[in-house]
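Read through the structures below before going on.
What follows is subunit A paired twice: with subunit B in the first complex and subunit C in the second.
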Partner chain A sequence: MSDRRAWLVRRLSVGVLQIAGVLALVFLLTEALPGDAAVALAGDHPDPERIARIRETMNLDEPAAERLAQWAAGLLTGDLGTSLVSGRPVTGYLTAGLGPTLVLAALTMALLVPVAVGLGVLAARREGGRTDRLISTATLAVYAVPEFALGVLLVVVFALQLGRLPPTAVGHGSDPLAEPAVLVLPVLVLLARPVCSISRLVRAGMIDALAAPYSAQARRYGVPAGRVRWAHALPNALAPAAQQLARTLDWLLGGVIVVETLFVIQGLGTILMDAVAARDIPVIQGLAVVFGTLTVLLNLGADLVARHFAPRTGAAA
Partner chain B sequence: MNRETIPPAARIDRLRVEVAGRALVDGVSLTALPGRCTALIGPSGSGKSTTGLALLGEYPDGAAVSGTVRVTGGRAAYIPQSPAAALNPARRAGALLGDIARQRHGSGPRRRADRAAAVRQALRAAQLPDPELVLRRHPHQLSGGQQQRAVLAQALLSGAPVVVADEPTTGQDPDTKRRVTAELRTVLDRGIALVLLSHDLEVVRELADEVVALRDGRVAEAGPAGRVLPAVHSLWTAAPLAPSPVPAMAAPPPVTAASAAGGPTASGTAASAPAGPAGPAGPAGPGAEPDGDVVLEAAGLTAWHGGGKRRPGRAGTVTLREVALTVRPGECLALIGASGSGKTTLARCLAGLHRRWSGRLLLDGQPLPPSLRDRTRGQLAAVQYVFQDARASFDEYRPVREQVARTAVRLRGAAPDAALDEAGALLTTLGLDAATAARTPAGLSGGELQRAALARALLARPRVLLCDEITSGLDPANRQAIRTLLTGLTTGTATTPPTALVLITHDLPLAAGLAHRTAVVAHGRLALPHPTHP
Partner chain C sequence: MRTTGTSRRTVLAAGGGTAAALALAACGGSGSGGSASGGTGGSGEGGDATPRSGGKLRAAFAGGGAGETLDPHLTNLFADAARAKALFDKLAEFGSDMSAQPRLAERWEPNDALDRWTITLRDALWHDGKPVTAADVLYSYRRIADPGQAFRAKAALEPIDLQASEAPDDRTVVFQLKRPYADFPNVMAAFGAYIVQDSAADFTEPVGCGPFRFVSFTPGESLLVSRFDDYWEGAPHLDELEFVIADEESARINALLGGQVEYAHELNPATARAHETGGRIQIIRLANSAMQGFVLKTDRAPFDDKRVREAFFLIADRQELIDGALSGAGEIGNDLFGKGYQYYADAIPQREQDLDRARALLREAGHDPDNGTGLTVTLDTSPVATGFVEAAEIFKTQAAQAGVTVEVKVGNAETYWSDTLDGGMFSCTRSGTMPIESHISQRLLTDSPTNATQWRHADFDDLYQQAQATRDETERAALYERMQRRLHAEGGFLIWGFADWILGAANSVRGIAGDAPANTLDWARFDRVWLAEG
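Right after this comes the complex of A and B.
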């Protein structure tokens, strides 16, 4: 098993480098944007003198490299700095945004896995059969609809016409769990496309696995069809789905901006948008640390799962 | 005799399987008796597998079936040709065994101990003395032998009255063949009927009580092994029935006649006979001793897996030690040895496919880079490799002729159209007509694909051709075709110079018939090559 540990260590050290690269890149790109926090703060009174004053108090007149170095030094001690705009610590922003985003992501994942795997296995039962055609057509159609269009459609039908569900989270406080009805439409929108892509992957993997000699061998010995499907074929179909699932979770935890904006949920995506608009570099950098770490860890997790279900590929990785 | 009194475990009566108007199997009957072996023999495509699968109730898609197939006392079990394919790569080897035990011993938690005991007993009966080890491992962590025995354990555990074994010894080295034969013998000893599908006459002779010889889907001959086996010789164009050290092949008859005449008058007869250069080399000599300059030379070649790039280090496993060899144009060097002895690693080092080795490798006296990534186009073309599994070496979605032609385009810079023509012409001379070569690999048999793989390597006009077990898995007729082809390569033609051949093989008759020198690889060392013929 030392083989596996060496692999993990190698992957983790590469991951740290990847996060560092993301941070440097994000910093450079924000620097490259026209204007800075001082201009944004000066707002409606773009008086050059006032801007210069703000720059000085914020230390924005120091060279970019120096500011990045200071920020990185703080990061090593767990200090993400303070917002240029409000002066509040960046960690406060992150924890505030993480709550709603985590709730949405967790709910979506909890529904996504059983629904997508179930649909995929069901469609693969008989390739080209009526169920398969129905599921394949429906998933392709839903997948083609972008989040914002689906969101607007759902709001119009369920909130405005039928009046069954609240159209947005406005007025329900910052804790989305206090009023679960608020979450129904956002979770539906978040579910729509991932369910389609993952169920199609599971279906394709299941069709291959059910046609493979090992499934034929299980059937020959009288193993019931259901058990062949779930216990013998499905594990082979899960490796590609696990990779896609990790990408989906990464997307969800990054705060899906379209959904957060549409339903007015104060998640990480909204915070990121506001920070970019205000050129609030410490907040942007803080978010980059969170997103980068999540991406690296999730992909590592997915590779571990894939390695478990397709052990031979691990030898080559 | 009392053959009539034992109730058969399985019986096929006048089976006919027809797909799209073509009969794959027509009027085949056979009986499998408990504890007896019935062998189905015949060349590839003769209907062996279709008949064997019929015992399992499996037919090709859209097949029209008539006749009766009856198995008494349970379902038939199946040992496929490639046991690795029958084991689920994502599950431990014990997964299916557990499910089979559930079928037989009930699924409740109270029967767990019974099931576990039955699984262990079956694994021990299949000659896996440490069942725990096998149950816990994934198939890729088992050796080929362990995989085959795990599949055999499935059959034993299921309590099947009849076991169908599809080509169990094809492509195996002699030791493995002996082991597999012993395992199949344990099946018979347990009173289970065995239906053996094989074109390996050695194992058939060893095990079979009854033989059914098929040709083109019909029974050509059937009866007790002792009577049928001597008669089936004609089924294969040139298959030697008795194991002969040197098969009769390219040797021109007049030479044999001359040497047979012998005596004091022989010199005169021999002189007048059109013996050619092969004359004095003895019967079945593969041509004159090559005497050109060495084309490929390896010295002090040490190879390892894992560990460092320059040296094996502590983590590396050394698979070859200080190997030295040379080949000359027109010469055939055979490398023989048991599985795992390092034969393939050696060939892969020469081809630049295995990168972890140290030592010296010269092509025409010039150093050859260890990895093929560092070799020039000319160097790549000069050393070509033909793989054991031809099917795996082709892209399954593109026509074979196109893939064969790519060699000439990539390695010789030929124009695509000219390369296609050249590929088509070469394939035709190898017996693959234009219609066949235009198909994707799925439309070609194993033997046809192996010839296409050879054509692909030859289009590079190689100086050295490395052939890794290219005849294993082929029936005798296809083996003979490949053998003739390789002989032609070493002698060369008016337009092509003789090629040096490195032949890795278990097929001792092939090595004896073709090779000028044979080297034995054992435990990573090369025993000094010695001439096959004086």
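Right after this comes the complex of A and C.
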């Protein structure tokens, strides 16, 4: 156990360093973007006097290093600062965007795991059989369709032609649960590619595991085929899938910009896009904190799961 | 029409949109039976003549994300302007020809020197029941002009000496100006110059005096407002109005087609063409809403030579630019701002493409491709506005026919306007609506804040000052014409067109003005809009 705890502590401290590095990098890159929040706000009315005045009111006339230091000092006390554009607290932006993003991510994961595992196990039952060929072809085909194209296609068919589902979440973008029907199409689009990639991983893992000596041994001892499949082979097949799943969850929590834009959902991706366009550095930095922390924690979780299912493979950092 | 109506209802019912279903019920209650039981107008099915009261309209606009605010003095985007217009009022507003129309100001009267204006306020009420007073007006203008702030309308209010301005009584404001200003009413209609309640500084739940009162607001998503019965111009027809934000054009049109909204602002020309004759929705084209052109910097080579500028004016095939860059949604320009507006010099003949003359002018100016002195210019453009990159590419091929090499440089969208104000020599530009007077004072005087063409001529400034000191409107028009003749002959704006602004609306929506350019009085005028049955 102490071995495991040391590993955890090491991984966590590396994670904190990684987050700090990401923050510094994001700050530098944002500073390196042409123009600042004052120029972006002035837009097509670039009166130099007004831009200078805006810069002053936003404290952008202070040196960048000083602003970063101030912001970092605030972060240590849990204060993420305020938006340059609206003057509202950054935490407000993050909580507002996190809600819809979490709803989408949770729904997608809840459907993704059973569907992907089920399809993978089904396909692996008889390698090269009709079911396998059907599932493999279908998943490969769907995987090849970009989210945007799939989204447009689904909207045209289900919302505009058949009139069965709302085409966008307009007006409910920050609280989609108030109108659950608006979630159906976005979740379908989000599911499409991960289902394909993960079911293929599960299938491959299952085929390997079922062909492994321990499965053959179990069968020779008369263990029923179903039990071999679910209790012996599947846990081994899940180790690589768990890591892919963590990556998928990370992708979902980053706010999937294409889906948010297409369906007008006010998630983290939309907030990030707007903040970058407005050069709203405190909001960008706040999002970097959230994304960095989530990524580190999710990968840690995935490694823990992988170690649990297949201890011999070790933790692939 | 009946069949589309039915299919729309099916869409709503199947979509499970409770808000949508409610709105439909509220806007007639006639269901599929067709009996006009709910309406107060009682004009029967789809009666266009008598507006019906009631219902909720949802309008989709592109917005400003989670950073949005309802402070009307921070108005920046079309969505901001539409929301501010629903909640607030200005002293004046621009009519469809960009002449100032009285709003909260009932009338105005200048002194003989045109530097002191007496404004009489209308009998108007705030949403909390208090009357709109002269103190509110002075507070609002002083807030905008605060030297510590950066409100957009600040530059417009610059001519007013607010310290010397006063309120002799509750309904009278006397504006003391720093100089004679015959077109002063334009200032009262300036973008963002809204009147707010005395000492109002927090606009999370704004108290306005506009046709609708505040109900709820989620930045970047939705603003819900309801009818203000005591509005000075008469209560709106709608019970409720909701502004929803959808940044992508595809989302706006899908929401409209799917019955999630009844009004969609800013559609693409291609979308408009696809749905214009389908009967599923109405398409409204607001002509003359955005000037499209190129900026030629008149203070630097090669455009410091007016022959080169004229040659460029003659190179442009304006119709080709409209067709290519705007997908045909617009009309050609004559290198002058404000076609169809008050004081527009429409007596000046339309300029046509004349490549021979252009080549001759360029040769005279020392640019002859035949002897190796051909002209090469860099044209700055950016995906910051629809059609900019396309317009640059089209002009490049047109210029090649006159022996001019144009190198197109695509710049950063967020900083484009600031980059091209003083930088470069030749760039794409566009402009929203404003009076010709504002166009001149903001862009074409020696001390103008955004003088992108670097047009600085003392005699031109004098003409402008002279116009502002001229009380007689005909004489003033003559002075504006002189200024415009000069700009047409040798100015720095190559204005090739005026784009339509395209709206979509559900078939049940009535009362949308079709002739009001974006940002004018009758644009986004939801107090005049009503919902017909079905």
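The definition used in the following text is that the second predicted complex is superposed on the first by the 310 of 317 C-alpha atoms of A that agree within 3 Å, B and C clash if a C-alpha of one lies under 4 Å from a C-alpha of the other, contacts with A are read in each partner's own complex, and residues count from 1 in each chain.
Here is the rule we go by: a contact is a pair of C-beta atoms (placed from the backbone, for glycine too) under 8 Å apart; a residue touches a chain by one contact, two chains touch by 3 or more.
All values derive from a computational prediction rather than experimental measurement.
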> Quick one: subunit B and subunit C on subunit A, clash or fit?
Replying inline: fit
> How many degrees apart are subunit B and subunit C as seen from subunit A, counting from C-alpha centres and rounding to the nearest 10?
Replying inline: 160
>> In the overlaid three-chain picture, which partner chain does A:289 touch, first (subunit B) or second (subunit C), both, or neither?
In response: neither
> Does subunit A have more residues touched by subunit B or by subunit C?
Replying inline: C
>> According to the stated criteria, A:50 is in contact with first (subunit B), second (subunit C), both, or neither; which is it?
In response: second
> Who does A:170 touch here: subunit B (first), subunit C (second), both, or neither?
Replying inline: second
> Can A:142 be said to touch subunit B (first), subunit C (second), both, or neither?
Replying inline: neither
> Thinking of the overlay built on chain A, is A:231 touched by subunit B (first), by subunit C (second), by both, or by neither?
Replying inline: first
>> Quick check on the superposed model: minimum Cα to Cα separation from subunit B to subunit C, whole Å please.
In response: 47
> Taking the contacts subunit A makes with subunit B in one complex and with subunit C in the other, which residues are shared?
Replying inline: none
> Okay, in this complex, where on subunit A does subunit B touch?
Replying inline: 212-218, 220-223, 227, 231-232, 235-236, 238-239, 309-312, 315
>> Give the list of subunit C residues in touch with subunit A in this complex.
In response: 7, 10-11, 14-19, 58, 60, 64-69, 76, 148-150, 152, 154-155, 218-222, 242, 244-248, 250-251, 254-255, 257-258, 260-261, 384, 412, 414-415, 417-419, 421, 430-432, 449-450
>> Quick check on the complex: what are the subunit A residues that touch subunit C?
In response: 33-35, 39-51, 53-54, 57, 83, 85-86, 88, 93, 96-97, 152, 155, 159-160, 163-168, 170-171, 173-174, 179, 181, 261-264, 266, 270-271, 273-275, 277-280
> Which of the residues in subunit B come into contact with subunit A in the complex?
Replying inline: 56, 58, 75, 77-78, 80, 82, 85-91, 95-96, 99-100, 103, 138, 140-141, 151, 154, 158
